[in-house]
Structure formats: structure tokens, C-alpha cells
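Got some structures for you, see below.
Shared between the two complexes below is subunit A, which pairs with subunit B and subunit C, respectively.
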Partner chain A sequence: MFIALREIRRSIGRFALLTGAVALLVVLLLFFQAVAGSLTLGLTGGVENNSGEVLAYSDRARRNPAASFLPPGTGPTIAAVDGVGRTSEVGRLALSAADEDVVVIGLSDPDFGGPGRLADGRRATASGEAVVSSSSLSTGFEIGDTVTAAGVELTVVGTADDAAFDVSPTFYVPFDDYAAMVAERAGATSVDEVAVPVSWVAVEAAEGVDPVDLAATISGSVEGVEALDRDRAVSELPGVGQVTQSFNILYLLLFIVVTIVTGVFFLILTVQKQRSLVLFRAIGAGRRDVVAPVLYQVLAVVGLGSLLGTAVAGLLLGAARDTFGSTLDPRTTVLTIGFLLVLGVLASIGAVRRVLAIDPIEATTAGTV
Partner chain B sequence: MSIALKELFRQPRRFSAVTGAMTLLIVLLVVLGGFLDGLELSQTGAYRAHDGNVLVFDDTSERQLQRSRVPTTVADELSVQPGIAAVGSLDATFTVAGIADEAAGVDGRDELEDVALFGYDLATDVLPEPPTAGEAIVDEQLRRVADVEVGDIIEIGPSAEPVTIAAIVDDLTNGAPTVWVGVEEWRRLVALGNPSAVPPEGTAQILVVRPAATPAEAVTAVDGAGLGGVEAITVDEAIEALDVVQQQSSTFQGIISVTFIVVLLVVALFFALITLERVGLYAVFKALGARTGELLLGLSAQAVVISLVAIAVGFALSALFVSFLPPELPLRVEPARLGQIALGTIVTALLGSLFTARRILRIDPAEAIG
Partner chain C sequence: MSSPTASAAPAEPASVDTPALTMAGVSKIYGRDEQQVTALDEVDLTVASDEMVVLIGPSGSGKTTLLTVAGALLRATSGTVRVGDVDLGDLGDGKLSAFRRDRIGFVFQSVNLVPFLTARENLLAVRQFGGGRIDRAARERADQLLDELGLADRSKNLPSQLSGGQKQRVAIGRALMNDPDLVLIDEPTSALDSKLGQQVMELLHREIKQRGVAAIVVTHDERVIDFGDRTVEIVDGALQ
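This part shows the complex of A and B:
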């Protein structure tokens, strides 16, 4: 330990460069993780935190809420299926409000089909009221804010966390307000002039009924409908797989780069001080005495680099909160640093093997020392 | 410099470690650049199909197609302005296309694809004249993912309206593979499944203006027409205005810049170690009359050669790596991006190799004799 730290102090420039490189790679890694988390939650939150246990889409929607439009009369048909406890017809509309792209979700039952839990306030029960779930990547709305969407003035009466659709601020409103917005968008003077589409039906299973089984029953018994239990509906959302896969590729590359850079550095360092290590061994130092400093140094460099990287990533994400809406997740951060330390130790295997291969007898060979 | 290069060629193993690390960083850069280009290109195909034209938005829409609503009477007024050859509408919505299965009849239940459905009036360099009612033009991306050909029937939207593919054009992916129909047909198809997505009668989402001469003159002509409530911009300006493109571009550019800094640190670190090892040797060189500049030139030459090898191997590995990735990922490796990465890597490596300049400058030739 003493020798390891002394060497770092004497060659501070070299170790600082490596620590800096590791820190920057950690910044990238944590930044990707935070943004990926926000993006995924922005895509899935509306379904993941929905009070509906089963979502019944059009069978032509490819399990995509944005593409689902159910034939008229489908809601009551689903409500009559055995095992269905409660239903709410849901309409989805993407439009522009308050200078942002927003999603409006109309609920035929104001108490069901929206976010399972509210963070603050109450449900929207009367015309002109809305519960809002802000996207992590957009402006937040608060109780009392008013927004005009497609000619309908909405007052925020409740907020929900992580219940957005399409990474956009999402307003949960009574179905009549949604219908009025549809009519306005279609240029109609009244709701009666347009066929207001129902996008999907949120379903609660009756007591003792398994939502997975109920979804299969609904799909099998109602024509034109594909019902999914909530977990499956989340995993089938379009874009989620792509986002996850894309970021996984970047994580993989970054972990490999950290490992290789650390490994290469310590290998070169070991080769350079081989003569000193031979002498060290010749005067009685054990294998442990020469290997331990390498491991201490790896842990110090990767550990310090990780801490610095975490601090910088935290500051960056804090400064860019309006853009990315992401923060570091403590659990993910700790796991990542732990994994990097393990990778750092694995990366030093080359250097350690080199140290272990040192034969003290070389000290007696001309030109070695 | 020749000694430095000879060392490089005679002792390649000494440099293999840093070359390996740089190669991996180049793979990372190529993948990051691929995502940046892939995300941007896959969101903007419909805009690029109108390159050379001018787009007219509602001036409150912040240049966002989905927010814009422009009265078609504006098109009539613009079409008689000097500098404007033709004006047409452009409308868009996202929906699904079912691929008719011959065995199952026109059903398509299991062969659905998300598509962006466009209604248009004007032919462009990429798009032919709008097809007649009941026909559609699809892009190369839909042909690839759905395995369709000219003459096949696809079923559009929730109501599964059948249309026949009249032509296949280049990849115009715009968030999804694209399907192009005439404006009236677009309104009919969209109204059947989702009437709320159809702009009111006499309204288009945006107008496309074909310039008589240059886009700049057409923009001036629209501005000079004195029509309130509209804004004419070029296709490039429309692409730059897309929120998603702005955010992705700035984020990935930042990440790529940080990765170049990592390359800089890795190269600097390597040459710091190499220089440390060669202090005695450099002292001898200096004692023999070599100047500091010559020694630095040698290091720089080594850095450039290492970079070139890392670039070649990195690009080859990237091609291999990308070929194993799922095709649905938005990743496109563009030659221009590869050129930027190659140039950036060489410049960064050169800078990194010069980090040791101060150390070399301080070497005293007297050290050569102890």
C-alpha cells in the first residue's frame, strides 16, 4: 500500500491522465444510463403506471397505443366479457398546447384508466379539469396551471409521476373534453358531427381473475381486439426495445474501453518497472508484496476516476435538467462503479501475470539491474 | 523521423497496446456517429424528399409539421406569385399498413407495420406525380421490412383500406417507413380510421412551394406576397427546427467530443510512458546534435501511423460489429461521418503525442554521459 501510494505521488501526471480518462468514460456511461432511464420511462410510464390491469387495443394497432382505434361499441362488448370487473374507454390525441407537443388521454371513467396513483391533487372529474403527468424531458405543469388544448381550456387539478405517453406531457381529461378536442381538430362545429374514436379500453379484472388469462379471454372473444396484460403491454410498446438495445450497445463498448485502457496502462507500467521489481524480489519481497501494489493502484485509479466521473455526471445532468430531465439513480450508479472496479481488477490480470512471472534470479544476470 | 518510424515497424508489439485501445475508441466513435446519423436521417426522410423546394408553415407552429395548419387558399394566392413555379399541400399522419397475405386473403392481421402516411400534390426529384385513388407509393424501407413489390396490395389504417403499390422510391423513413398518396386520398384514408387527424376542409398541414429559380427567391416571393400567418423556410431550416433532431444532435455531438478527449488522454498517457522510458536515449540523440523539434516530429509521426492503423482496423471492426446488430436499430454509417472521425482521430493523436513536449524539452544532453 505504502509503495503503491508513493509511486502514484511520484508519478502523479501519468496517474492523473489515466484517472481523467476513466472519469470521462464514467461520465459517458452514467450520462447514457440516466438519459436511457428517462427516455424509457417517458415511453412506458403511461402504461406501466396505469390503473388498468389489461389494455384492449385494436388488433391492427401492433400493440401501439398511438395506432389503436377501436370499432364503435367495442367498449360495452369488452365490459360484458366474463371476468371483467371494470372498464374505461380511453381516447388518445396528440396535439400542441402551451408551445409543446402534448398527449391528451380522455377517460370515460375519470377514476379509472389513468395513472394508478396521483402525486398531488385529485382526479379530473368535471369538464375543463385535467390531471397532468409531465414528461421528464419537458416542462413541468403544476396544480392550478391552465392550458388551452384544441379549443378546450384545462385547469390542472392533479399531478401524477411517471405516467406520460410518448415522452410528452400527458393530460388526463374527461372523455367529453377529449371528444370536444377531436371535433375541433376535425373542423367540426359540434361533437355530433364526428365519430370520436376510442383508442383502447382499460380493464380491471374481477376478483380472483388473473389479468393474463383475462387478456387472452378478451382477445379470443371480442372481434378486432388484442388485449394485453399491463406488463406485456409495457414490453410491447414500440421504441422501448430499440432504445434499450441501442443503449446496451453503447454500455458494452464503454465497459470494454474502460477495461482495455486500464489494462493497457498497467501492463506498460509493469513492463517499465520490471527491473525494479526483479530487484525487489531478489532482496526478499514475496509475490504478494509485488502484486498488491498493482491491485491497490488499479482500485485507486478506477475508484477515484469513478467518483470524479460520478460527480461530473451529476453536475452535468443537474445543469441540463431542463433538456434531459434525468438524475443519477443511486442504485445504478453504485452498481456501475462496483462493476467498473471488478473490470479494473480483471483488466490488471495482464500486469499481475507479468509481475508473477518475475524470477528473482534475473537480478544476477548482467544488464538486468 | 525515420528512426521513429523504423522503431514502429521493427517493434510493432510495443505500440500494439495503444493501437488496440484507440481501435476500440474508434469503434465507439463510429457507433455513436452511426446512431447520430441514423436517428437524424430516419426522422427526416419526408423533408429530404422535398430538397430544393420551400415549405410554408403556419407561423405559430414553430416549424413543426404536426402543429401546422395552412389554409389552401394561401396556395392559390402563392401560385400566381413571380418566383414560384407551383404550390401543393403536404399532410402526414402515423398509422399502420397491413401486408395482404395471398394465402389468407386480404387480412394482414399478422403482417402489420407502423408507417408514416403522407398526402402530397407535387412531384419532386424523389417522388413521382401522386398516384391515383386506390394506389400508393412506398419507400425502400417498407419494401425491405415488409417484403412488398409494385402491384402488391397493402391495407392502410385501422379500417384496413386496400391500396395497390404503384411505385417504390428511395428510403424516406420519417419516424417510420413512408407511404405516399394523393392529398384527397390521404384525407379519405385518414378520415376512415381517425377523423381527428384530418385537418379541417380547406386546410393543409403545410404547403410545398416549387421555386421557379432558387429556393431563396421562392422564400422572398412568399414573404413578399403579404400573406399573414405563414412562414416560408427551406428544407434544411425545417429539419434544423425539429426538436428531436436538435436534441439528438447536440447530445450526440457532446458525447462524441468527450470520446475524442478520451482518445487524447489515452494517446497522451501512452506517449508520456514511452518518453519516460526513452529519456536516456533522447539525451544521447540530443548529445549527437538532434534538436527537440526532430524528436517531437518523430513522436508525431508515430502517433499518426498508430492512428492510421487504428482507423483502418477500427473501421473494419465497426463494419463487422454493425453487421451483427439488429436491422431495426437506427444506426447508419455515413462516409462523411467516417471522414470526420478519421480526421478528428489523427488531429487528437497528434495533440496527445505533443503532451510530452515539455518533458523532452527539459532533457539535458549531458545526461547522456551520466
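This part shows the complex of A and C:
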């Protein structure tokens, strides 16, 4: 530690530059992760945080909630399947309200089929009430706000975090209000004049029944239905895989750049101080004595760079909260820093190998034979 | 400066105590077959525990090779090398490093100080090897050595801020930092002018003799010969 710290102190410029480079890459990495997390959650939150353990779509919808319309009478059929504990018929409608594109989700059971937990307020149980989950990329709604959607005035009585569909503000309303909106959109004067579609059925498994098995049972026993357990419903949402894959490629590139930058820096440093390392070995330093400073320095540079990068990313995301609505996820941040430290150590393998290859006899080679 | 009379003489024991260094029938051969070069040829040399031996010889005669074999930097091809009671042939590579750290002091010709450590830190670094700690005793020891070497006011200087003679004195201090049994010095005056060379050798002689440590000084410089208890000449790898 003594030698490692003294070297950093005497070469503060070059170590500061590398730390700055690592910090910059960490800023990019954490910023992308936060934005990607918000974007992905905006796509998946409505399903991911749904109280339904199984979602039963039309088998023609290709697991896309926006394309799912169940045949009439499907809800009671599903409810009668062995192993089903509770169901709620769900209708989905995309429309404009309050100058924004919004999604309205109608629930036949106000207590089931919507967000599993509310952040504030209560469930929408009466006509004209709504629970809203704001998209992270839009202006938020608060309890008491009123919005008119397809001729129905809604008052926000509760809010839920991360329960939006299609990266849009999502209003969870009683099924009757949803039906009224469908009728209004269809130009009908009464709900009775239109067939109000049920998009999917949210299902809770009976006690002791595995949701994965129940999904398979429903798919096999109810015609025209493809039921998915919640985790699979999330992963099968259209666009999620592509978005995740695109960001994963970005992460991979950034991790590779951090590794290369760190590895090359320490390799160059090792070459530059070869004579000092030779001297150390000649006067009795063991291999551990010359390798340990390299590893200390790698951990110090990557660790400090990560902390600086995290601080800057946190400040940037805070400043851009109105634009991106993203924050640093502590777990992801800690995992990322841990992974970077491991990569830093792996990146130093080249430098360590070079240090280990030093022959102390070189200390005398400038002299006579 | 009063120094013992020195002259080229056969390598013989100089003390009845356990010798600091015993080399018996030591050969060092580089390369194989037709490429073979014999750098040391059946060398027998004993250095008493408080003796200062000057090793002279023409370029390529094997002086530095003898020094590196004696200092556990290089293994002999054949023969026995003992430093104090320890047969170096019995030590593995890892133990050789620890042995050099604890029992041998080196002053090299060219590679001598770590540029990013101050004079004091160059001495202290030795104490950290092998999991050691730089405690108060180590700091006091470094300060005492630098003071004796006339470098107390230079202890915080980096090597780049020191003159050639000062650098050489710091290297001597580092060689003595761990109280070695044997100090090996390679061409200590080669990079110094005659006045500085004289000063460094006087200092080296004083420090070595004060501590009762054995030393081998390899040199081309005839003025250095006067500082040794005896002088040994090597030609074509064989002691004369």
C-alpha cells in the first residue's frame, strides 16, 4: 500500500486522468441504465406490477395486450377453470386526454387486475374515479386532479408507481367507465349499442396452485385463449426484448472500453516503471510485493472513478428528472460498480503478468558481466 | 582517510568467525553446447564477517556475475555458495527473495533508486517487503542512516532532485537499512567524478566498518582498491 499510494501521489496527473476517464464511462453507463430502466418499466410496468398472477389473452394477440380482444363469455369460462381463485375482466383503450396520449384500463373487479400496490390514495371503486400511474417520461398526475377522457370525467383518487402501459400515463378505472368511453369513441349514445370488448382476464391462482401450471391449464382448456404467467407475460411484451438487447449492447461496449482503458494504462505504467520493479525484485521484494501495488492502484482508480461517476450521474439524472424521470437504482449501481472493480482487476492481468516476468538479474545488466 | 593496505591476493579466509560468504568451486556457465560461455570458473572465495573485499578485473571477466551469484540473484551452475550459515542452493526462488531482503544489501551500478519515492521512502520501502510494516523504528532507522550519510536535509527529495553522489549515498543507506550480513557494491564510483567518488568511498568504508559488516566492492577504479581489506582479481571467470 505504501508504494502504491506514494506512486499515485507523485504521478497524480496521470492517475487523475485515468480516474476521470473511468468516471466519465461510469456516468454514461449509469445514465443509460437509468434511462433504459425507466423506458423498459414504462413498457412493462403495467404487467410487471399487476396483481394478476396469470394474464389470459386472445390467442390471436401474439401476447400483445394492445392486440388482445377476447370472445364474449370468455371471462366466466376462465373463472370456472379448476385452480382459478379470482378473476377480473380487463379492457384496454388508448386515447388522448389532457393533451397527452394515455391508456385507460377498465377493471370489472376494482380491487384486482390493476397495480398490485398503490403509492398513495385508494382504489377507484365508483364511477368517475381513477387510479393513475404516470409514465416516467411525462408530467405526473396527483390525487384530486381531474381529467376528461372520451367524455368521461375522471378524478384521480390514487396513484401507483411503475404500473404504466406503453410508456404512457395509465388510468385504472371501473369497467363501466371504460365501457362508456368505448361507446363514446364508437359514436354510440348508449353502452348498450356497442359490444364492449374484454382485452384480457387477470387471474389469481387458488391457494397452492402454481401460476405457471395454471396458465398452461387455462390455455389448454379455454378455446381462443393463451394464458401466460406474469413473468412470461412481461418478457413476451412486444419491443421489450429489442429495447433490452439494444441497451445491453451499449452496456457491453462501455464495459469493454473501461476494461481496455484500464488494462492499457496499467500495462504502459508497468513498462515505464520496469527499472523500479527490477530494483525492487533485486533487493528482495517478493512477487506479491510487486503485484500488490498494481492491484491496489487498479482498485483505487476504478473504485474512485466509479464513485465520482455515480455522483455525477446522480446529479445529471436529478437535473434531467423532468425530461427522463429516471433515478439511479441503488442495487443496479452497486452491482455495476462491483462488476467494474472485477473487470478492472481482470484488465490488470497483462500488467501483472509483465510484473511477474521481471527478472531481478536485470538490475545488474547495465554493468559488466 | 586511513585504510588498510590492499593488494591483489589469493582468496583466503580472513577471519576465524563464521565467514559472511563462502564460495567453493563455484562455476557459472551461460548457454549450451557451442554457445557456452563460462562466466565463473571454479571460484573459491571466503569473505570474513567484517571484511571488505575489493574485486577487480577487466571488462567481461566475471566480476558482476560473481556478485550476483554471491547475492542470490543468480544460481551457480555448480559449486556451493554459503552466506553465513545458509547454503543458497537449499533455498527456493521465493525464499531467495526473502533472503536477499533480510541478509544482503545491494548497491548497483545503474539501477539504484526508485524515481517516485523520496530519499527517505527509498529506504523505508525495503521494510515493507514480505508483509513488513513501516513503523516508528523503521522511520527512525531511515532518518539515522540518512543523517549519518549527510543527507538529513535531503530526505524529502526525489532522486531527480539529488546529485549523483547523493543518489549513491541514498543507495548505500538503503543497502544498510535491514542490517545485512553482506553488502555487495557494483562500481560505486563509475558515474561520479574523482572527488565525489572519493567521498562516497570514504563514507561507504566508514559505514561498513562501523557496523562490522562484510562487503564486496566490484570496481574498475584503482583508487577504490585502497579502501578494501584485501583485493581479489578475477580474469576470465577465475580468481587469480
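A few remarks follow.
The rule is short, and it goes like this: the second predicted complex is superposed on the first by the 360 of 369 C-alpha atoms of A that agree within 3 Å, B and C clash if a C-alpha of one lies under 4 Å from a C-alpha of the other, contacts with A are read in each partner's own complex, and residues count from 1 in each chain.
Here is the rule we go by: a residue touches a chain if its C-beta (ideal position, glycine included) is under 8 Å from a C-beta of that chain, and two chains touch if they have at least 3 such contacts.
On a predicted model such as this, the values are computed, not experimentally measured, just so you know.
In the overlay built on the shared chain, the residue A:Phe175 is in contact with neither subunit B nor subunit C.
Measured by the number of subunit A residues touched, the leading partner among subunit B and subunit C is B. By the document's definition of touching, neither partner reaches A:Tyr57: not subunit B, not subunit C. After overlaying the two complexes on the shared chain, residue contacts for A:Ala282 are found with subunit C alone; subunit B is out of touch. Legend: residue contacts after superposition of the two complexes on their common chain; A:Trp200 is shown touching neither subunit B nor subunit C.
In the superposition on chain A, A:Pro238 makes contact with subunit B only, while subunit C stays out of contact range.
In the superposition on chain A, contact of A:Arg6 is made with subunit C only, not with subunit B. The residues of subunit C lying in touch with subunit A in their complex are 39, 59-65, 67-68, 73-74, 94, 97-102, 104, 106, 108-117, 121, 124-126, 128-131, 134, 158, 174-175, 178, 186-187, 218, 220.
For subunit A in complex with subunit C, the touching residues are 2-3, 6-7, 10-11, 273, 275-276, 278-289, 360-364, 366-369.
On the subunit B side of its complex with subunit A, the touching residues are 17-18, 20-21, 24-25, 27-28, 31-32, 35, 61-62, 64, 66-67, 94-96, 98, 108-109, 112-114, 157-158, 160, 193-201, 203, 243, 247, 251, 255, 258-259, 261-262, 265-266, 268-270, 272-273, 276-277, 325-326, 328-331. Across the interface of their complex, subunit B is touched by residues 13-14, 17-18, 20-21, 24-25, 27-28, 31-32, 35, 58-62, 64, 66-69, 93-96, 99, 101, 137, 181-183, 185-187, 194-197, 238, 241-242, 245-246, 249-250, 253-254, 256-257, 260-261, 264-265, 267-269, 272, 323-324 of subunit A.
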